[in-house]
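Here subunit A shows up in two complexes: once beside subunit B, once beside subunit C.
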Partner chain A sequence: MSFSFNDENSLKIEHLAKRYPHKKALLLPLLWLAQKQEGFISDEAMTRISEISQMPFMHIYSVATFYTMFKLQKKSKRVVEVCRTLSCELSGSEAIKKHLLENHSDTYEIVEVECMGACGGAPMCTLEGKYIENVTPQMLDEVLNAN
Partner chain B sequence: MKIIVDNVPIECKEGERLIDVMLNNGVEIPHFCYQQDLGMDGNCRMCMVEIKGAKRPQIACNTFVCEGLEASTKSKSINAVNRSILELELLNHPVDCPICDQAGECKLQDYYMSYGLYDSHLTTPKTKKGKHIELGSGVVLDQERCVLCTRCVRFTSNITKTGELGIIGRGDSSRVAVACGHELNNPYALNVVELCPVGALTSKDFRFKQRVWFLDSAKSICHGCSRGCNIFIDYNETKYTKESIYRFRSRRNKQINKSFLCDFGRLSYKELNEKVISTPLPMEILKDLFKSEKKVAMVSPSMSLQQLQSVQIFCKNHEIELFSLPYIDESFGDDWLKTNDKSTNFAGVKELNISVNQDDFENSLENANLIINFDHTLLKEREIKDKKVIHFTTTNIKIPSEAVFAIANFAHESGTLINCDGIRQEFYTTKYKNEVPTLRELLKRRP
Partner chain C sequence: MQTKIVSKNFEIPHANTMEVALQNGRYSSLGKLFSHTPQEVIDIIKASNLRGKGGGGAPAGAKWQLASDYEGKKYLVVNADESEPGTFKDRQIISKDPHLLIEGIISTCYAIGSNTSYVYVRGEYEEFSDILQASIDEAYAKNFLGQSAKYPVEITVHRGAGAYICGEKSALLESLEGNRGHPRLKPSSPEPEFYFGEPTLVNNVETIASVPFIIENGAEAYTAYGTDCSSGTLLFAISGHVEKPGVYEAEFGVSMWEYIEKLGGGVKGGKKLKAVIPGGASTPILPAHLVMEAKLDYENLKSLGSALGTGGMIVLDEDASMVKVLKNLLRFYHHESCGQCTPCREGTSWVDKTLDKFIAKTATKKDLEVLKLVSKSMNGQTICVFAPAASGVIDGFLKHFEAEFLECIK
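This part shows the complex of A and B:
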């Protein structure tokens, strides 16, 4: 199985390449695009990235393992991220997390994360990257069951 | 230019690294990640020194000397700094020196004895990482013993440019690894074992064979090819076992091999431990054989100048035609240390004007009745019918021959070699008594 970036992403890469003096600097955007395209970063994707950025495979791999937001395994469940930074914590994110773990951990992967810059809507969480603000346990049930 | 280190003035050149000046002048400076041939990385922070006039301690590997610089490696405050850094390096270390193969040549162990000597401050359990991971090419990794100096990573990415090794993960869980499904695979891989300042990378070939403090070292030269890389022969003789050689280590030579060796050369020590099975013969038996009319001799181009000279004189005295052919292997060489000519001293052969013409040799061989082979590999394998063959050899010979004289190999000889670039180098013998005579001793006994 081989990996290649789809047309849209290839266009983006072309555009991004002009920004940087070296191909090496493309590494992080390439990893992001690969993760966006497949949902995770596969070995094949890293091989392709090492070809594009002209660096050894091991270098790509070590960068990908350094950042926790890069996933190297295919996800079996969809991800709900709960913010645990100050504003959300004060507005009751603890209770939200507990509710999620008790009721939805079978169908969703519940992850704690740091501030995502939506303190105005605290407490907040995300479903597959989409923000849900001012959440209450009832509201969560509705949203998660509907999706 | 003069600088002052620990109140001692040292002569140095403008623009040199402080750590190089210290290392070259025998000042003890603790360091993990700096290696003279890999260059500076500055990640271990172990080489902190106090510099007069500087606000805070500086790493010696990234400090360049300037006129009137005053550095201290021994003051109380710098000792406290070194100690704290060492504590951080050792935080998750399993402290398993009694079963670690690096013990005795481990920097972590040495520095702990000079700076550390504390109990662990850690109240939580140590981070567990991978043990005895086989990386390939005979290198074994213990991630818990690693101090993440990245010498091995820099070696594969900057020197061999193969880039198999890298650091994965981050923080407490960062560790050296090869990528899934890949392995450490290059002809210089075992250098990472020697570069590793601690017991994280060990050689499958050497580990658990011998404690390093039992080993003696002899300065020698690798006989794998004509490059003439400088080595240490690490050997030992115990009460119950005869002298045996355990490994080759690189000996730094800026002109030739820097601090590196190829795996082929590094593992070629095994041939030296081969015991030649032959009954000791008196040289007198050659008297009758030498009466034959046409004699031809072949000498190995890997012999030292001194050996070649004595062979040359011997052949002249007995009217023997002498030849020497190089060991050419087109598939062996590369663009770094390995050369296609696997004979160590072919330049020396040419210097002594020994005939190297293959056609002439074949002609003489055709006409000769007696052939004398001075350890040349070619004749050890080639069976020659209807002719008498005498071997002086360092290895066992499987083909039938008239007489076999065992001689000492290069570990038990001193001499001079000229490498492919015309550099003249000395090598020295190990210190125990030889079981078999050297070629020069043998040739002095007249037939």
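This part shows the complex of A and C:
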């Protein structure tokens, strides 16, 4: 299986290439585009990125695995993240996590993450990357069952 | 008690749109800006005593001068990585008043002689960086940005991908160059940062967003707020056990306890205060008796054995378990160490695991010694200050709350 960026993304890449002094700087933007296009970053995508950025495949791989938001495996379920860092823990994130695992882990993948910069809205979760703040078990049931 | 300089437009609906932004004073400082030479602008920033608001408090004017003194191509990189636990202020600027940041970027670029700027936003903030991008597009359309602007500036939003350490400025530049976010060795004498070998100024979002007020009203209008050494205001954030968590701007030097009571709404549920982590998770904890005398400025918090950091306070009530709180923070450090330096990589893992024994109440006297020894080994022997900060956090808990740790020894 080979990978190519779709037309829309190819256009974006052309535009992006003009914004940076060096092709190498395209690495994170390209990884993001690949992940958006396929839902994860495949070896084939990294090969293509290696060609565009003119960096060795191993460099792409090493960078992709450094950052927690890049997914190198295809996801079967949608993702709910729950923040576990201090302000969220003080506001009850452990109970939220328990509730999610007990009631929603069949449909969603429940992932613990570190501080998301939403400590004023603790406890917080994200659904497919979108912030949900001041969450309660009832609220999560409503949102997750509706989606 | 609030003093709104940077947060002035936060409550205005749709202040992120160009139309509303213009009605509320955005871009009005540019007239004054262009009436000065770049060096005059730097001198104004120096006189305003503006200090970096990303955690370190370094004088902004001196950093601008360093970058300005170089000839040729140079860059402005705005640090919007905001990952320090307890800190959520930059996000307010990006999503509620992005035109203020753009206006600040134009001024800063003009002053240091740069035409190219990157805003590095943490990956999780996608919905907020989308708002910023839309505002940047508007600013291009209005010729505030781009090659037809009075002073040409290009702004590119660059999205991070989940790594706390990328907030450290040299790690951020590595990441922006397409590498792993590994901090670089520090130079021995003052110099700017470098992006692909070109001189680069890195400033926090709030630092840059403070610039338009100073340009428009002059340095003295800024030094009229705050203390002699800590001028102006900060977007302090408050979270944890308080009634009204949030971001409220205040002058430097106000009483920490008064801030907690008046703006934070006091300790949640009418409970007693036990302690406050004053400026993001990396600043040493202050027990209640010190909170009562603490003032929210760099010098005062330093004199109390802690630091102002990002100004993100985490409030702990009388029922909080200090062992559990420290465990939470050490798990964070263990998770976020970039792994380059052995004392940090091994140390954060070791103290994290040692804390498990305290939680299980199976710790021994030796474990407490281990905690102290490892903490010591993490200080002063690493590439960046991540490990020393973790060490300071551990020492703070043991200094003020050792009794709680002794209770967990079997």
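Keep this in mind: the second predicted complex is superposed on the first by the 147 of 147 C-alpha atoms of A that agree within 3 Å, B and C clash if a C-alpha of one lies under 4 Å from a C-alpha of the other, contacts with A are read in each partner's own complex, and residues count from 1 in each chain.
By definition in this document, contacts are C-beta pairs under 8 Å (C-beta built on N, C-alpha and C of every residue); 3 or more make two chains touch, one makes a residue touch a chain.
As the structure is a prediction and not an experimental result, all values here were calculated from the model.
> Which partner does A:89 reach: the first (subunit B), the second (subunit C), both, or neither?
second
> Applying the document's definition of touching, compare subunit B and subunit C: which contacts more of subunit A?
The partner making contact with more of subunit A's residues is C.
> Examine A:56 and indicate which partner it touches, taking first as subunit B and second as subunit C; both and neither are also allowed.
The first partner, subunit B, only.
> Thinking of the overlay built on chain A, is A:66 touched by subunit B (first), by subunit C (second), by both, or by neither?
both
> Quick check for you: in the superposed arrangement, does A:25 touch first (subunit B), second (subunit C), both or neither?
So A:25 only meets subunit C here.
> Would you mind listing the overlap between the subunit B footprint and the subunit C footprint on subunit A?
On subunit A, the overlap between the subunit B and subunit C contacts is residues 55, 62, 66.
> Spell out the part of subunit B that touches subunit A in their complex, as residue ranges.
157, 162-170, 174, 178-182
> Within their complex, state which residues of subunit C touch subunit A.
73, 82-88, 90-91, 122-127, 154, 156, 158-164, 175-181, 195-196, 198, 237-241, 245-247, 277, 281, 312, 314, 316, 320, 324-325, 328-329, 331-332, 335-336
> For a test of understanding, state which residues of subunit A touch subunit C in their complex under the given definition.
19-22, 24-29, 31-32, 53, 55, 62-63, 66-70, 84-87, 89-91, 113-122, 126, 129-131
> Looking at the complex, which residues from subunit A come into contact with subunit B?
That would be residues 43, 55-59, 61-62, 65-66 of subunit A.
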